Every structure is written in C-alpha cells, then in structure tokens.
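When the chains are written out, they are named A, B, C and D in that same order, and each has its own residue count from 1.
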Amino acid sequence: MKYEALRESCALANKQLPATGLVDITFGNVSVYDPEEGVFAIKPSGVDYDVLTAKDIVVLDLEGEIVSGKLRPSSDTPTHRYLYRAFGEQGVRAVVHTHSRTAVAFAQAAMSIPHYGTTHCDYFNGPVPVTRTMTQEEVEGEYEWETGKVIAECYKKISPMEVPAVLVRNHGPFAWGPTPEKALETAFALEIVAEMGWKTRLLNPQAPTAPDYLLNKHYSRKHGKDAYYGQA
Amino acid sequence: MKYEALRESCALANKQLPATGLVDITFGNVSVYDPEEGVFAIKPSGVDYDVLTAKDIVVLDLEGEIVSGKLRPSSDTPTHRYLYRAFGEQGVRAVVHTHSRTAVAFAQAAMSIPHYGTTHCDYFNGPVPVTRTMTQEEVEGEYEWETGKVIAECYKKISPMEVPAVLVRNHGPFAWGPTPEKALETAFALEIVAEMGWKTRLLNPQAPTAPDYLLNKHYSRKHGKDAYYGQA
Amino acid sequence: MKYEALRESCALANKQLPATGLVDITFGNVSVYDPEEGVFAIKPSGVDYDVLTAKDIVVLDLEGEIVSGKLRPSSDTPTHRYLYRAFGEQGVRAVVHTHSRTAVAFAQAAMSIPHYGTTHCDYFNGPVPVTRTMTQEEVEGEYEWETGKVIAECYKKISPMEVPAVLVRNHGPFAWGPTPEKALETAFALEIVAEMGWKTRLLNPQAPTAPDYLLNKHYSRKHGKDAYYGQA
Amino acid sequence: MKYEALRESCALANKQLPATGLVDITFGNVSVYDPEEGVFAIKPSGVDYDVLTAKDIVVLDLEGEIVSGKLRPSSDTPTHRYLYRAFGEQGVRAVVHTHSRTAVAFAQAAMSIPHYGTTHCDYFNGPVPVTRTMTQEEVEGEYEWETGKVIAECYKKISPMEVPAVLVRNHGPFAWGPTPEKALETAFALEIVAEMGWKTRLLNPQAPTAPDYLLNKHYSRKHGKDAYYGQA
C-alpha cells in the first residue's frame, strides 16, 4: 500500500485524539502533509477513532484528488488542503481540528483568546485570532474550502508558525505545527489556555494582557535562536 | 419471556447511561418503542444501572397497561408514553431522560439553548426549546403525562426529528431518536452543546447565534438527501 | 473490641468518601450514631482514608466522653455531637461533613441553595439554608460545639429530616440521614444540586425557584406515605 | 553519585506532580533544598515526568553554580534559588511551581485569592498575594531571578511560612514548605482554594472574607503551639 509511513503517522495521531480529552464522539481530525510527495493524509469521515487503522486513511494531493484510499475523507478535508497550500511553505506539516469545549466557547462568543499570561505566550506569539463571519455565498458555495480562506485572512500580518492556531467563528479551533506530535500538543495547549483565559475573564473582564516585553520574553524563551527552554 | 429483544435493547441502553457521565445516582432512564407490537420497554423505578438485567425491564402498551414485567416502571413512564403517542409516527423509537448538569442549568434558568455553533447545528436544526411552566392543576393531576403534553406543545411548528431534544423547565432534558444508540448519542451531544453554550454566554451574553445559512448547511451536511458526512 | 458493628459501619462510610469526589486531602468525615447505646462513632483527626480501619474509629457518648478508641477524634466532633443531641430524636443516625467545592462556594458566598428544580426537590423540601456569621465569642469559645448550635438555629421552622443538609457560612456543608449510606447519598446529591444551581444562577441571576406545588409534588413522590418512586 | 538522597527526593516529588492534576505537558517543577550542604536539587528543563530519574536531577549551590548533574536545569531555577536565599532561614526546604488552572486565572486577573473560608484558612494565614507587574528592565534582564525578587517583595509584612504560596502576575503559582510532601500538598490545596474562591466570587462579587477571628482560629487549629488538628 502506498504512502505507508504517512498513513501510519496520520492514523496514530488521530487515534491519540480521544485521550487528549479534546474530542467527543467523532468531532475531530488530524491530517499530515508530505511536501516532497505533494500529498496529505487525513482521517476518513465519521469513523470511530478506536477502530481506525492506517489502511482506512485517505491520501489526497493539493488539488483535492484522492491518490490512495477507499473511504470518503473527512468533510473538513478542503480546509486542511487550503491550509497546506497557504502555510506549507512556512513549515506546516500537520493540522489538527477539534471541538474542544472552551476554545469553541471563544469561537462562538466571537472573541479571540487574549494573551493573558505566560502559558499562552509559551505557545502563541500574540492572541489566538477568531475568523470573521462567513458570508452566505461562502457557506452555500465551497464551504470547507472557504473556511480555509477565512483562516488564511487572519495571517496577513502574523506568521502561522508564530500563532499556530485559530478559532473559526461559530465553529471551533484548528491548530497546526511542524509534526503531528507538535500540532497535537498545540491543540491541547490551546484548550488549556482557553480555559485559563475564560476563568480569567469571568473574574476580571478588564484583566490586562501580558505586556509586550513579557510576551516576547516567553515566546523567545521557547522559540528561535535565543531559546533556552528544554535540553539543547 | 416475551419481548426478549426489546428488553435486551432497553436494558443495554440503560446500562450504558452511567458511562456517558450524564446521570448521577439513579437520575435517568431510557425507553425503547416497538411500533409493530404497539409496546415500549422502560427501566424499573429506582433500580441501580449496574444490577439491572433484561428481565427487570417493564413493557407497557400505549394505554399505559403493563403487558410484561414484575417491577414498577420508572415514575417518568407516562412522559415516555406521551412522546411515543405524539412522535411515534415521525420515527421516534427511543427516549432518553437524564439530569445532565448543564442542560439542567438551562432548564432551571428557563432558557432554551441557542444554536451558537456548528456542534449544535450538526445535531439540532435550531435552538433546543424549553417548556413553559406547568400549572398547579397539571402538576397535581397526572403530572408525568402532563409533562409529555407540555413537551409536545413545543413541537407545533418544529419537527421532533429535526430538534430531537427538549428541556423541561425546572427539571431537565429529554432526548430521542430512531434507535436507542442514536438517542443516547443525542443526549450526550446535548450536554456538550449545553456546556459550550453556557461557557459562550458567560463570555459574551450578546453572542449571536449561527446565521440561518450556516445552521442549514451543517444540519443538512449530516441529515437528509444531501448529507455528505460519514461513509455512505 | 466494643462497638464493633458501629465502628465497621463508620470506617466503611469514611473510606467511601474519596470515591464520591466530595473530599480532598483529609477534608471530610462521617459519624454514625447508635441511640440505644447513646454513643456515636467518628473518624480520627487527620488520618488518611485509605489506611483507616475500624479499630482507628473513636466512639464517644453524647456528653463528649471517649468511651472507646485510642486516637484523637476529628476536630469537628463537637459539631456532630450537637447534631445528634438536637436531631437524634427526629431520626438522624449519620452525619457527613465535606468541603465539596460548589457547596463550599455557596457557603462562602453567604447564600442558601435555591430549589431551582426537581433534582433539588427530590432530596430537599426547600432551599438548603446557610448559617449566620458566628460571633467572635462563639469562635473563640467552644467553636465546634457552637457550630452545631448555629446549624440547629436554622431548623427552628423546618425539619432536619425534610432538609437534611446545611451550609455553614465561611466553611462548608454538613449532611445527614437515617443511615450512613443515605447520608452519603445526600452529601453527594447536595454537591450536584449546588453545581446545577451555581450554573443556573450564572446563566440567569433572576431564575425563579420551582413553584411550591412542584416542590411538594417531587418531594412527596420520594418521601412519606404517598411516595411512588422506586420499588415498594 | 553525589547528593543521592536529595536527588531521589526531588525526582520523586516531580514525578508525583502529574497525578495531582496540577500540571499539564511539562508546566511545573519541584526543587528541594539542603541547607547543611548549601545546595538545592531541581528538575531538568523540558523533561517528561514519567521518564525522569534521580540521575537526571540537577544540583546547584545558592550562587547558581551547578555542582552535580549533566542536564540543563529548569528555566525557572533562578526563581527557586532566590526563594531559598530569601526564605531558607525561615524553614523553606522545597518549592513547587505549577500552572494549575484556577490559580493561574487569579494571577492573570491580577487578583489575590481572598480568604473566603476555612479551607483557605487551614493552609494560609491570610489572602494569597499576587505580585506586582514586572518592569521591562526586570523581564529583559535576569528575568527568573527578578521573579524571585518580586515574590519576596510580597513578604515584607507577612511570613512565608504562614502564607506559603504566591501568585506571580501574568504567570502562575509558586508554593513551598518544610518538606517536598508538604509543599506539594500546599500547591494542591492552593488550586482547590482558588477553585472555591473563583466559584464564590462569580456567585457573589461582594462576598466577605472570613472574619479575622475565624481566620486565626482555623490557622492556629492546624499550626503552632495550640494546634489540635491531627494526631499529636
């Protein structure tokens, strides 16, 4: 079977989703991108995580053609495909979509997640943005593809590798990263940061965000050439 | 023993309730309807889920007569019976009642659950309604039967198969569906949607509901002739 | 060893506390009363639940004298003793004290728990009261005994068997019942009802309590001569 | 290998962190101080708790020199070091840092945790303070060392052994104690007290703190020469 390693990696990441507590029922999916082959692997639609195997994974090219696999891919596939086209050159190799509950609450409240503290700044170099409301034309047209487009609109002035997650309004979060493991960790950190931010805002609606110099300090402590967190 | 398959199906669904996290102590019950026989099976009152067996299940006809079983049926039995009479022709084959905590909070707050996002719209084609306050006559009369009646009042203009759950004011949720599995899934989705909606409203009391075209898109992505979610 | 059955019953109930999720660290204790012997058994102070055995249990009479046991009894012992003296004739045979988190929040907010819905009314025939602030003299005097006294003040016009739990202001809940099992169930139901009430109030600070006729209906469905919940 | 007992104690305490529910991913660390040797042991940076062993632990002196160990110490090491220098003479022998979610919310909301009730007063003889905002110079300079300094500023008028935890603004909690076990228990109690306080404040923003005489009573019930909680 072709794309064996890519399939295995994708199946494993999808099967890890339920243990993160980020997904309920079948509300979540992970895709993995191989830029050399120009293809990405994604979860089939509506299949339970615990019965999923590598051979169920669907592989598509960046035009949306299925190049391997017998099942119907996730209904969110065009969104993932848009993101690899838009962000692949910047290093995105995996995309995770969940309906994690507190991140969804921010998305439904039409609010970005403010960078209230260092837990946030360790992962995201600024607030996690929320997309604009999609128009009737976008929703009734190529809806999932247009979803990718409104996500990309948020990244005109910020880098997708520096703020590796977004909230799709009235829907929920997408997170990404250089590997499936890192994208899953970011999706998990996003929900924690959302919970902390939600509790903060309920305590004090005027709570200030972290000063810019603290944001820069924490983000650069973990990322870039001056990072000093972890073992070198 | 008569109605063996119906009893087994009903016992299994009731025994699955605690693992969903939707019920505490003995606050919940599932019934299953067989329209060909004109009977439904239901949990006996006050029996623990873990000791429940198929032979404990009580089977009644739509007039409320026990046709099989030795135990006293759930005190909520007349509500289930009302729902099969009112909604049976539209395809309702199982009813789940829980006191899941956030759905109860909406019921106690006398508020319907707004369709804030796509998780909601995937299951419910509009807000989940809350019943009116029951009158003293209704409560002191055939209380559980009248409970069914006030539920049905909410479905004069909406379809019970399109909005397969309701909140009984000062009480809690009832959910239903074409099979016990689907009714349990809907009861579970209802609590998730309630939690997301509760968190959303606390963040932003003016949060808008999803636009109608997004509601239609998501609901029809999963239901009806144009559905494209899951494997065909 | 004397009072073997009483000790066993008390040890078992205390050991069940952590699994209820109601207690953290060693913040909770259960006592059991034997009116024929005029004694009650209680957890020793500061001992972990998992190492607790029947022989560690302390037995005292209603004057507060230790009649059996080598360890120091719970620091809350005088409160339990007060409650057996005040409520023993009305049928109280076990008292459970926890710091369950949402019930504590109501106690700290100086608010009784309103009877918003039927989950509450199934257990408590009215709001769960909160005690008045204790005076400096009471706190600096026989503090734990005085705690029992301010609890009893709440029951001048209501029956301790109809509202079998109270919130001690700035402290937390005490629950009781005719058996240790029932007192534990009530302590658990109290926290559920507190959580539902807390979520209700945050959604709608003006949420009405259940009408009196609904309170009466649900309470009497489970209690007294007209009860019809459970197996006869 | 030198400092074997100190390393073992430190490794064990760090490995216990995840089971407390206080840390996610690798957001937390414990250090242990040996005043006779003038050194402290601390978790290496970014290492998972489940693979951590005593030989991975890093030992440093109070000047910040590594005296034993091959890995890079936690990035928070200078904060721990500051605390041993500032509080060591008062009996601090272990420091625990977590990002426990509700304590972080208070830190991000720039609010101390009020002593609303006895659960709090059993552990902390007054509110748990929140540090001031750190200046740009402090953050861009010796950030983690300066963090220790702003913590110590909060203890000019209060004793670190009487209020053995603090909230670093825009960051999260540090807790400490005379042993690693006690410091872990305090970090756990802090999160419980934060959750109770958060729920209290949402119910009633004007909730009064416990009267001084109740604070004194509960604190001295567990601490000092008149303590009568637990077995002597």
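One rule holds in what follows: a residue touches a chain if its C-beta (ideal position, glycine included) is under 8 Å from a C-beta of that chain, and two chains touch if they have at least 3 such contacts.
Everything quoted here is computed from the prediction, not taken from an experiment.
Visitor: Superposing the C-alpha atoms of subunit B on subunit C takes a rotation of how many degrees, nearest 5?
Guide: 90
Visitor: Counting shared numbers against all numbers at the contact of subunit C and subunit D, is it over half, same, or under half, different?
Guide: different
Visitor: Which whole number of Å gives the spacing of the CA centres of subunit A and subunit D?
Guide: Subunit A and subunit D have C-alpha centres separated by 33 Å.
Visitor: Distance between subunit B and subunit D based on Cα centroids, please, to the nearest Å.
Guide: About 47 Å separates the centre of subunit B from that of subunit D.
Visitor: Which subunit D residues touch at least two other chains?
Guide: 202
Visitor: Write out the stretch or stretches of subunit C touching subunit D in their complex.
Guide: Within the complex, subunit C touches subunit D at residues 24-25, 27, 44-47, 71-72, 75, 99, 101-102, 104-111, 133-134, 136, 139-140, 143, 170-172, 198, 201-202.
Visitor: Once bound in the complex, which stretches of subunit D touch subunit C?
Guide: Residue positions touching the partner: 116-119, 185, 188-189, 192, 195-197, 199-200, 202-204, 207-208, 210-211, 213-214, 217, 221, 228-232.
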